[in-house]
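One chain, chain A, links the two complexes that follow: it is found with chain B in the first and with chain C in the second.
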Partner chain A sequence: MKLWNKYSGLIVPVIVVLALAIWPIITGKPANRETAFTILKAIALATSLNILLGYTGYVSFGHIVFYGFGGYVGLFLLTEKNWSLGAAILAGGVASGILAYLLGSAILRLRGAYFALATIGVNEAMRSFITNFELFGASTGITLNFSVYKAYGGAAQALQTSFYIGAGLALLALIISYLVRTSKFGLGLLAIRENEDAAEVMGVVAPRAKTWAYVLSAIVPGMIGVLFFFKNGNVEPHDAFPLNASIELLVMVMLGGQGTVLGPILGAFAYQGMRGYLVTSPIFKNIQLSVSGVLLLLIVLFIPAGVVGWLRHRIPSLRKVLA
Partner chain B sequence: MKRSLVRIFTVLMLLGLVITACAPQAATEEAMEQPAATEAAQPAATDEAMPAPVEKTVVIGFTSSLTGSQEVSSKRQVNGLNLWMQQVNDAGGIQLSDGTVVKFEAVTYDDESNKERVQELYTRIITEDNADFLISPYSSGLTAAATIVAEQNGKIMLTAGAAEDDAYKTGNTSLFQLYTPGSLYLISTVDMLKTLDPSAKVAIVHENDKFSTAVIDGLKPYLDQQGFEVVLEEGYASDTTDFGPVINKLVESGATVLLGGGHYPDGSTFARQLYERKVGLNFISLLVAPADSKFPELGDAALGIATSSQWELAATHTEAEAAALGKEWYGPTGTDFAAAYEAMTGDKPTYHVAGGYMTGLVLQKAIENADSVDPDAVRAALEAMDIFTFYGGVQFDTTPEAHGLQISHKMVVAQWQKNDAGELQRVVIWPADVATADPLYPIPAP
Partner chain C sequence: MEQTIRLLLASLPDGILLGFVYGLAAMGLTLIWGVMNVINLSHGPIIALGMFSTFFVYTRLGINPYVGIIPIAVVGLLLGILIYAVAVHRVINAPHLSSLLATFSVNMIIIGIGTAALTTSPYNVDFSAGSIQIGSVTLLGTRLIAALVTIIFTSGLYFFLYRTRPGKYIRAVANNRSAAELMGVPSTRILALSFGLGTMLAAVSGGLIATFFPFSILAGGGYEIKSFVIGVLGGLGNPIGALFGGLILGILEGVIPAFMETSWVPVIEFALFVLILLVRPSGLFGAKK
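Up next, the complex of A and B:
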């Protein structure tokens, strides 16, 4: 009971992710595994974005740049340097973290709309750079040879392994998010979100705190990028840096409730789960984009604070659980 | 007041959705449903003394791009496949020697031209919908993602709109390509230029994507080998809508010939802006877009634009050609195929339609040759296949280095020209032995 009281804000999100990871194992259906992977990937990305957007209040329209850059670095090391998948995933995360540190030092001096615009510019600039960067295959990207999968028991086993690693990365993202949320560092970020100038007066070193928040929000996307493109068999610039994916991540965070640990998880679950259902539904598959657009509009109209925000407002006793 | 407005707005939107959901399905869906209806209405065996034939329904799975950047070409590919399926089912299916009658049905989902969902959907198609054989999505990028799932499940995948060579050089054993590989797309065009204007100054301006870059990678060494001077090489992003800066560079380069393009949206926009800027090139060849029947909607901007085409009705391949090459002829004539397609959709077939149709026809031939629907037997039949159809030659590379790569099919060069009535029509201008018109060279100044 004591443990529950102390860590309920972490236990509930962990249960949600674990349930999602176990679902395909119980049902034994590979199609469910693929659906769950898409949702787990979204959870990891949205949770990471939430560290910057939800806790610090900085809107990043180009967060997908870390996913793409990490993916490219990892796939390059896998194919050209024969690194193992595990080492390539770690390298992808480190590369994205370093990129975030360098970028953050420069663009986090900007605030509000100026920062948001700069993040779009960063994503587009990176895409243009990679498109012309011969080492990473330029516009044709990098294609994995099937022989790479042999080291992981063949293509079928490699996809299964990718799923478990994806679940692990989603868990890692939410643990990082929870630790930030409940730490003194996280308190500083929340203070920046509410009033950056006041936070600095109170002793928060805003530029440093924001940069580290940016770095922490970039590492898991870089790792997920490597995993996704390994599973996909190839990486190309327009798949690695899709601007619409950044916007979808923002929607997921807003949908679930920004600034909370559980919110982005629920947002990612609802958004990707809904899209996955609609695209294969015999009734809706031909109008799935219209349906998902209308549903999102309804949610934004009626619960603008997101699902978690709405629940916290309506049921005060849940505030501790819905951290 | 504000709340009331929100409520009214919400109710209207929900009503709209209900109406849309209840509306009849698109023409392509109807076409897809038809075979099932035909199958249900199929009369029983007429000879009572004979045992009733066992009917087996083979499920063909694929994703198509009902939305997104690949929408136009993808829908045409699916239309072609639907036509084949309708024809083969209406004809009573494929009769195997053990008395089994094989019929076909399709299971398909919208991939939104988005690679993220392709693997998820193909896994579903294989494991939930129990597809027996797969057809590729449209485009090399989407197909590359789908091949992983096909390979892991040991499913045969016939590809049409997936020309880029790399996907066939990954060690796969399940892919079979119907298109001429991307690296050979513009070879015929260069051969033609060599006879028309060996001193032409060539500009290469292409979409920066997997397919178009593969085409250009195959083109550049061949241009060099043929002694052409390349004065400009420029890539543009897939979502480019303003070609002004590229056209400026093109004008400054002094180029007389433009080779490049990418897919339909960018290619048609590029052609229109070249016309509006009165660039005055002698020859323009763009990938994919000019091969579509929507292209003449550009009006005079379409005049003189050429394209490399996998198939053209005007230069369709014939049984006599097959006999001269010593190859087995199979399937309908090009005229019959075009007439059937026009009757089904009211539209003239493009090479994307022919490609979709051919995926079905080649699968049909493989099942007939294998006398079985067993995947291993069908795979062996595909590997041994060397046939000639209205679409041209079909033979696959069987080496481990490039398994499934198309090695027999050849492309033609088509160009939009005006007929005597002043209407735009696509004519074949190369190779000379199948050409239906002389090349329009130089293109008349706008």
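Up next, the complex of A and C:
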């Protein structure tokens, strides 16, 4: 019972992720596995973004830069240095974390919309730089040699393994998010979100806390990047730094409820599910972007706290479970 | 050396003339930012709509594109007021994320409908206004006229903001909305008007760009990002600074290709953008707030 009380906020999110990981095994269809992977990837990315956006209150419009950068570093190590997948994933996460530390020390001084603009600039600068960077294959990117998959029991088996690693990374993102949320460090971040100057007066070292929040929100995206592009077989500047994907992540976090552990997970689920439906539906397929736009507008205008935030506000007894 | 100069002579005048039009687009973005602290993420698709308006006015109706600018401006103004009323007004006092996402959802709606109606394949306005030869430098007529139209719109905006009553209201609201309201300024109407003017400038710049390059419904995105860079160069909220910012960007785009590959241009642009945000967020010409 004590354990239940202590970790009650973690139960629903973990169940969702585990259910997603098991679903393709039960149904046994590869197509379901791909759907589940897309959702797990979205969960990992949105949950990571939430550490910066939801807890700290800084809007990053270019968060996908960590995913792309990590992916590039990982694929470079896989092809040129013959590293194993596990080591490459770790290296991708570390590289993104270091990038976030360096960037964060500089641009986190900016507040509000200026920070948002700077993150767009960083993403575009990185994309155009890598398009010219010979070591990373410039505009053609890096393509994996097919034989790489042999070490993992062939392409089919490699896809299967990637799926489990993806589920593991989603779980990792979730645990980081939960630990931050319930720690004293996280409390400092929430204080920064509410009023940065007041937080500093109360003894929160804001620049340091913000930088570490940025680093923590960058590591898992870097790892997911390596995994995704390994699975994909190649990485190109165009696929690695799509500005739209950054904004989709913001939508997921907003949809589910920023600043909560469960919110980004529900948001990722709902957004990917809706997109999957709209893209295949005969009525909406041509204007699916417009339909998503209308939905986003309605959420922003009428339930800005997101689904989880709204539920927490309406039904106080659920607050324990919906951390 | 001689070749570098020849390259410069070929690309620099072009870059400067383009810079005027970039500046016009950025002026719309920065006006909205200055008045209501909203970054308008529907800026790009509106530029693209301006491009398609020129296409339909000229290619389908056979009207001269520069005459067509007038209805484009009027429709742009009305569209902006509509967007303000539907998407922006409710979140005008909310945190930045809300207005960013609200205008982004407008972006998605326009792109979605545009993609369904016009596909994403490129269109082209086949219009020529001759060219002028000065020594070894060739200036395209379309670009000269576009720069002229930009100057007309900039002076018009300047006159409007400083010499007319609604313009003074706009500046008052930009300075201090609550104080302006206390003085009897109808702030909601003024905010809607400012948003309308911002989208009008975006649509007009799109209409002009359509006479230079092929375009698609997605083409506005690149100019939107250029507008961010220019807005920051000139100081966000400073419409006249945007014109100078545009010229700087145009000159950069004209000079850089003479020294290194064209693909490096965006790297330098965005690095400069982040750098200026860090060292001088009020912009090169911006007043200290």
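To be clear about the criterion, the second predicted complex is superposed on the first by the 301 of 323 C-alpha atoms of A that agree within 3 Å, B and C clash if a C-alpha of one lies under 4 Å from a C-alpha of the other, contacts with A are read in each partner's own complex, and residues count from 1 in each chain.
Just so it is clear, a residue touches a chain if its C-beta (ideal position, glycine included) is under 8 Å from a C-beta of that chain, and two chains touch if they have at least 3 such contacts.
Please read all numbers here as calculations on a predicted model, not as lab measurements.
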item: Touched partner set for A:Arg208, first chain B, second chain C, both or neither; value: neither
item: First (chain B), second (chain C), both or neither touched by A:Val291; value: both
item: Contacts of A:Ser139 with chain B and chain C, given as first, second, both or neither; value: both
item: Touching partner for A:His313 - first (chain B), second (chain C), both, neither; value: neither
item: First (chain B), second (chain C), both or neither touched by A:Thr280; value: first
item: A:Thr131 touches, of chain B and chain C: first, second, both or neither?; value: both
item: Partner chain(s) touched by A:Leu301 [first = chain B, second = chain C, both, neither]; value: both
item: Which of chain B and chain C A:Lys81 touches, first, second, both or neither; value: neither
item: Residues of chain A contacting chain B in one complex and chain C in the other; value: 128, 131-132, 139, 286-291, 294, 297, 301
item: Residues of chain C touching chain A in the complex; value: 33, 37, 39, 86-87, 90-91, 94-98, 100-102, 104-109, 111-113, 115-116, 221, 225, 228-229, 232, 261, 263-264, 266-267, 269-271, 273-274, 277-278, 281
item: Chain A to chain B touching residues, read off their complex; value: 29-31, 33-35, 37-38, 127-128, 131-132, 138-141, 143-147, 154-156, 158-159, 231-234, 236-239, 245, 276, 279-280, 283-291, 294, 297-298, 301
item: Complex contacts: residues of chain B adjacent to chain A; value: 6, 10, 13-14, 17, 20-21, 25-26, 29, 66-67, 109-110, 112, 115-117, 119-121, 123-124, 126-128, 141, 144-145, 147-149, 151-153, 164, 166-167, 170-172, 208-210, 212-214, 217, 235, 237-238
item: Partner chain C, residues of chain A touching it in the complex; value: 53, 57, 59, 61, 106-107, 109-110, 112-114, 116-118, 120-122, 124-125, 128-129, 131-132, 139, 243, 247, 250-251, 254, 258, 286-294, 296-297, 300-301, 304
